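Naming follows writing order (A, B and C), and every chain is counted from residue 1.
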Amino acid sequence: MNHDLVSTLFREFRKLPICDPHTHVPWDKPCALHLGDLLGYHYYTELANSSRGEPVKLPDDPDERIDYVWPHLPKLRGTVQFDWMMGISEIFFEIPRGDWWSKPKHEIVSRAQKVIRDGSYVQRVFERSNVTKVYLTNQFDEDLSRLKDRRLVPCLRTDDLVFNAATAKMVERLDACTKLKSGKSLKEFDKALTMVFDRFAEWKMGYAAVGLPPGFAVEPVKAKVAEKLLKRLADGKKFDREQKFTWASFMVDRLAQQCARVNAPFCLMAGADRGVYEHGVPAGQDLFSCDGNLRGYDGLLNKYPQVRFPMMVVSDTAGLELVTEGWIRHNVYPFSHWWYANNPEDIRREVRRRLDVLPRNKFIGFHSDGYSLEFVLPKFNTFRLQLALVLSQKIEESRIAGSDVTEPLTVEAAVALAEKIMLKNPDEILGVK
Amino acid sequence: MNHDLVSTLFREFRKLPICDPHTHVPWDKPCALHLGDLLGYHYYTELANSSRGEPVKLPDDPDERIDYVWPHLPKLRGTVQFDWMMGISEIFFEIPRGDWWSKPKHEIVSRAQKVIRDGSYVQRVFERSNVTKVYLTNQFDEDLSRLKDRRLVPCLRTDDLVFNAATAKMVERLDACTKLKSGKSLKEFDKALTMVFDRFAEWKMGYAAVGLPPGFAVEPVKAKVAEKLLKRLADGKKFDREQKFTWASFMVDRLAQQCARVNAPFCLMAGADRGVYEHGVPAGQDLFSCDGNLRGYDGLLNKYPQVRFPMMVVSDTAGLELVTEGWIRHNVYPFSHWWYANNPEDIRREVRRRLDVLPRNKFIGFHSDGYSLEFVLPKFNTFRLQLALVLSQKIEESRIAGSDVTEPLTVEAAVALAEKIMLKNPDEILGVK
Amino acid sequence: MNHDLVSTLFREFRKLPICDPHTHVPWDKPCALHLGDLLGYHYYTELANSSRGEPVKLPDDPDERIDYVWPHLPKLRGTVQFDWMMGISEIFFEIPRGDWWSKPKHEIVSRAQKVIRDGSYVQRVFERSNVTKVYLTNQFDEDLSRLKDRRLVPCLRTDDLVFNAATAKMVERLDACTKLKSGKSLKEFDKALTMVFDRFAEWKMGYAAVGLPPGFAVEPVKAKVAEKLLKRLADGKKFDREQKFTWASFMVDRLAQQCARVNAPFCLMAGADRGVYEHGVPAGQDLFSCDGNLRGYDGLLNKYPQVRFPMMVVSDTAGLELVTEGWIRHNVYPFSHWWYANNPEDIRREVRRRLDVLPRNKFIGFHSDGYSLEFVLPKFNTFRLQLALVLSQKIEESRIAGSDVTEPLTVEAAVALAEKIMLKNPDEILGVK
């Protein structure tokens, strides 16, 4: 490792503002109200549950959540997940990392709480993070008319219209927010969908997004079949497994149509299997499968050449497949490093692949997936460090190889490239055009 | 690469004692009796068979085995497998590596034989390896009552109860060692199984273990169905493919029950397909499949939350899947680097992933899989070097990043971490509790 | 990275002559006649199509092809694909890389054209590349009797006999070139095949080769079934999907028989799915699937122990599987780094794995896959740089570890190893013996 070169690059990357193209930050409460909201982030509760060796139910109360994870923190030392918490502690709370091991719990909690309760806290998090834009995750029936902060970009998460349609009472909620009878017919349903997309388009949505299980294939579904399934939903009936997948196929196609209509991107989040580990804490029960390929999307991607499809994968094994989708397809944009694939080893591999073979306008650098604004900066810093390692290596290779073998890469060009993939590409690729 | 840092770490790691949590070392003959026992290790015979370009049957005689591999050794130079032999040669035989190329075969053999035949040989191998504990591989009907050396930990390998039940004459052997009629009924069979597990528990077993093919799924099996299959086994009949898998599903569940009963871990060794290459030498006929996922174990892992499941995979593609199992599940412990995945490139990747995202008590560093004690040290040294590379990189990253981004990692902390995963975790995770 | 060590190795590798064991170079027109032939290489047209965000049909005219890619080149800067073009520009055209950004298009084109039209151009490309041998891709009905340049080695590409049999009018073409009625019966068909192989054997073929889709399995096909399919082909009928796969299984086996008969290797190119992206440019429509394993070849590889099977994979996920095939099987030879897997990140991983665990005579270092001779050198240089990185790391590791842990690796030994895998192994493994 070239210490100086990596240091220089990392220092430069830290000076860049942040555009975070995918988060779960609540628009009306971007920051935590309690340290328990941060330590209650599923990354900590699931690791605490995992490391204790026996499953224990997660309590609801924020103080109790702190107690839930606290005794297990020493076992989490050195992980990237815990490093994010330590980044928050050092940067926003001004509590040095070492204090977590040398001071009693109540002291850490009360020092953190004091900062959080300060009136300028949200402002300070924004400023120290240098965040200029944060894309949100919003349900189809959320009312975002009061959201005026232009830094926060609404994004329509459609899982409750797709795989969760039955359990999430889609029809009922759709009717409530559109004042239509969406379950009456496909025609009426389409009208409701159109109202939802029009509203989000008016709110200048970043994209529509959907999470899909490993190896999902979008199959053609006849209108008649879809109509019957819609009827079941309207009647409050459950779906069996086959019906669930059929409805999902139908809806993914319908959503792509809507995205085409309003000229918004459709973000495919591929590969997570929900609710697999039954003793897990909330959001800590999901896994993936190493044999989940992306070829089930071929038909969809071919059918909607006018729609941009930013695409993220939760598995490492689909990494190169995703790169090659972005390589040959004009409408697929590899999107950052997601969840289980968002670890330094896998980040480095994918970043290097993308930098080496993709047009530089075809992929999005990073997103935090954070549930509150505090996580954005530390998670970007993890990525920035790995990006610095990769670009430093590319600089070194270019110095050795000569211009007849590789593009001579300078520090300036590397910083420009980082800016391109982290700041410019989200702007160019995402949003209603 | 930071030469000094890697050197320092590697030097420190070499000073550590070794706990080897999975081997095939025979308890009553831990070391080789002949150089042909070492050069007859399947890693050498299979590579010799492979490199000669035409299949040749492996002879039984140790001297002939040496002749079998000897002419092909130059083509194996520089491989890790051959490095292990060279480690044995230099450390235990005091034959420098160079002599293998400059001296005649008979001289190497006779110098090695002289050392092996020395009365203090086993003692010397133990001492120079600094081995404090070695987990064994034992059949269900082995009599270990004379095993008094507490460094050697019995482990119940159950393949002959599971996939090999028919071919390995399970019922016959079970009856012989329990004096029961295990094939009479499931009830009687369970009694026999209970006797086996009680005996191994009394012998302070490390764990029960089973090897399972790529993509294996543990399916629920009705008692009636299992009873019929047991009858077939009792009658000495063969299984067809479906019956084989049904029996295996039944038995894996039964073994998990026994592990729960005696509070022993159940080690799952996932992904090897046996007997694929028909021209191969013994133990050199097995392959894996890159699409073998781990999701077939979901039901089993959920059903027995009280059982610890150390888990190893033979493929690289299931590596991150295994990491995420250990990440969210409280009862899965990623176990070392196995067989085809036990090569420097894949070791580095998996170690880095595990260190970055797993609680430090959730995985086991390394095992040798050695067939005799001599292989333990050289194989650990291969791992130690790769671990030094990974931890050196983490130290360097932490120096660049600052404490608001990564845990500051010192040499001392890195050595403690190595000790934790190689020495403490096997003790904490394995064994009857 | 050890700058000096990598530089030294890379410099030494650049001095080596090149044997390129797989290309699409036309024997009668090895070099481009127009810059548009080079910028029309599918790597540039597909990236241009991809980066523009909307599909545009590729024109036929070489000048228009230049226009097609030209505006998108800035987005391709820094990719390895574009580096190959820049290598051609600097080495053969003597146009510095920087001129592409600072000079007008017409100037670049006319300077390149001037060089290309020079009578000594082909000679110069050969000399500067230091190419001693280039393996070609030839159709079964090509007449190579006028090919006298011994540097160019014919190779029989059999896709038109296998998966494309119906669409590529196999029977008709076979009849035309053999003067037989190959569609009359299997016996007659075998005669025709024998004539084809005899002719290629006489031309001193390098190998027969076939491209097969992800997860393809060679299944036994009864003669009667094959005979019926042959009849369909003779009648000019199409195949359905199942018939296509059945015929392919039959033919792969038949081709292996022929290879056995004339003692030529049978090169398996596994994993590319053709025509997936319907808006793509020619040769820019193909993808792979991350779950495509190699186990469907088990039967074939076992059945023909006397045939050498060099094997390449287009996916990253089958990389270690391929390594283990080469590890235990005497007749499988991992062959270079192909297409999507031919990027620096994946090259480094596979090279390291192969160097660490395979006999050094069991794999082939690199091939260019180039469509004209100019691409050979720049593509080899990309590989040479990554090989230098890997071998430099191995040298450094050996310096740290000591001879009781790893083979001491010197620069001289590393260069010899590079020569072995890039120059000697192709000669030893390929060709009619």
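To be clear about the criterion, a contact is a pair of C-beta atoms (placed from the backbone, for glycine too) under 8 Å apart; a residue touches a chain by one contact, two chains touch by 3 or more.
Since this is a predicted model, take the numbers as computed values, not measurements.
*Asks:* Answer with same or different: of all residue numbers used at the interface between chain B and chain C, are over half used by both copies?
*Replies:* different
*Asks:* With a Cα-based fit, what is the angle in degrees between chain A and its identical partner chain B, given to the nearest 5?
*Replies:* 120
*Asks:* How big is the gap, in whole Å, between where the Cα atoms of chain A centre and where those of chain C centre?
*Replies:* That pair's centroid distance is 38 Å.
*Asks:* Return the distance between the CA-based centres of chain B and chain C, expressed in whole Å.
*Replies:* That pair's centroid distance is 38 Å.
*Asks:* Provide the list of chain C residues touching at least two other chains, using ranges where the numbers run on.
*Replies:* 1, 291, 317
*Asks:* Touching residues of chain B toward chain A in the complex: what are they?
*Replies:* The contact residues of chain B facing chain A are 1-2, 215, 291-295, 298, 301-302, 305-306, 308, 317-321, 323-331, 349, 352-353, 355-362, 393-394, 396-397, 399-401, 403-409, 413, 417.
*Asks:* Any idea which chain B residues touch chain C in the complex?
*Replies:* So the residues of chain B in touch with chain C come to 1, 3, 6-7, 10, 46-47, 49-55, 72, 75-83, 86-87, 90-91, 96-97, 273, 276-280, 284-291, 315-317, 340-341, 343-346, 378, 381-382, 385, 388-389.
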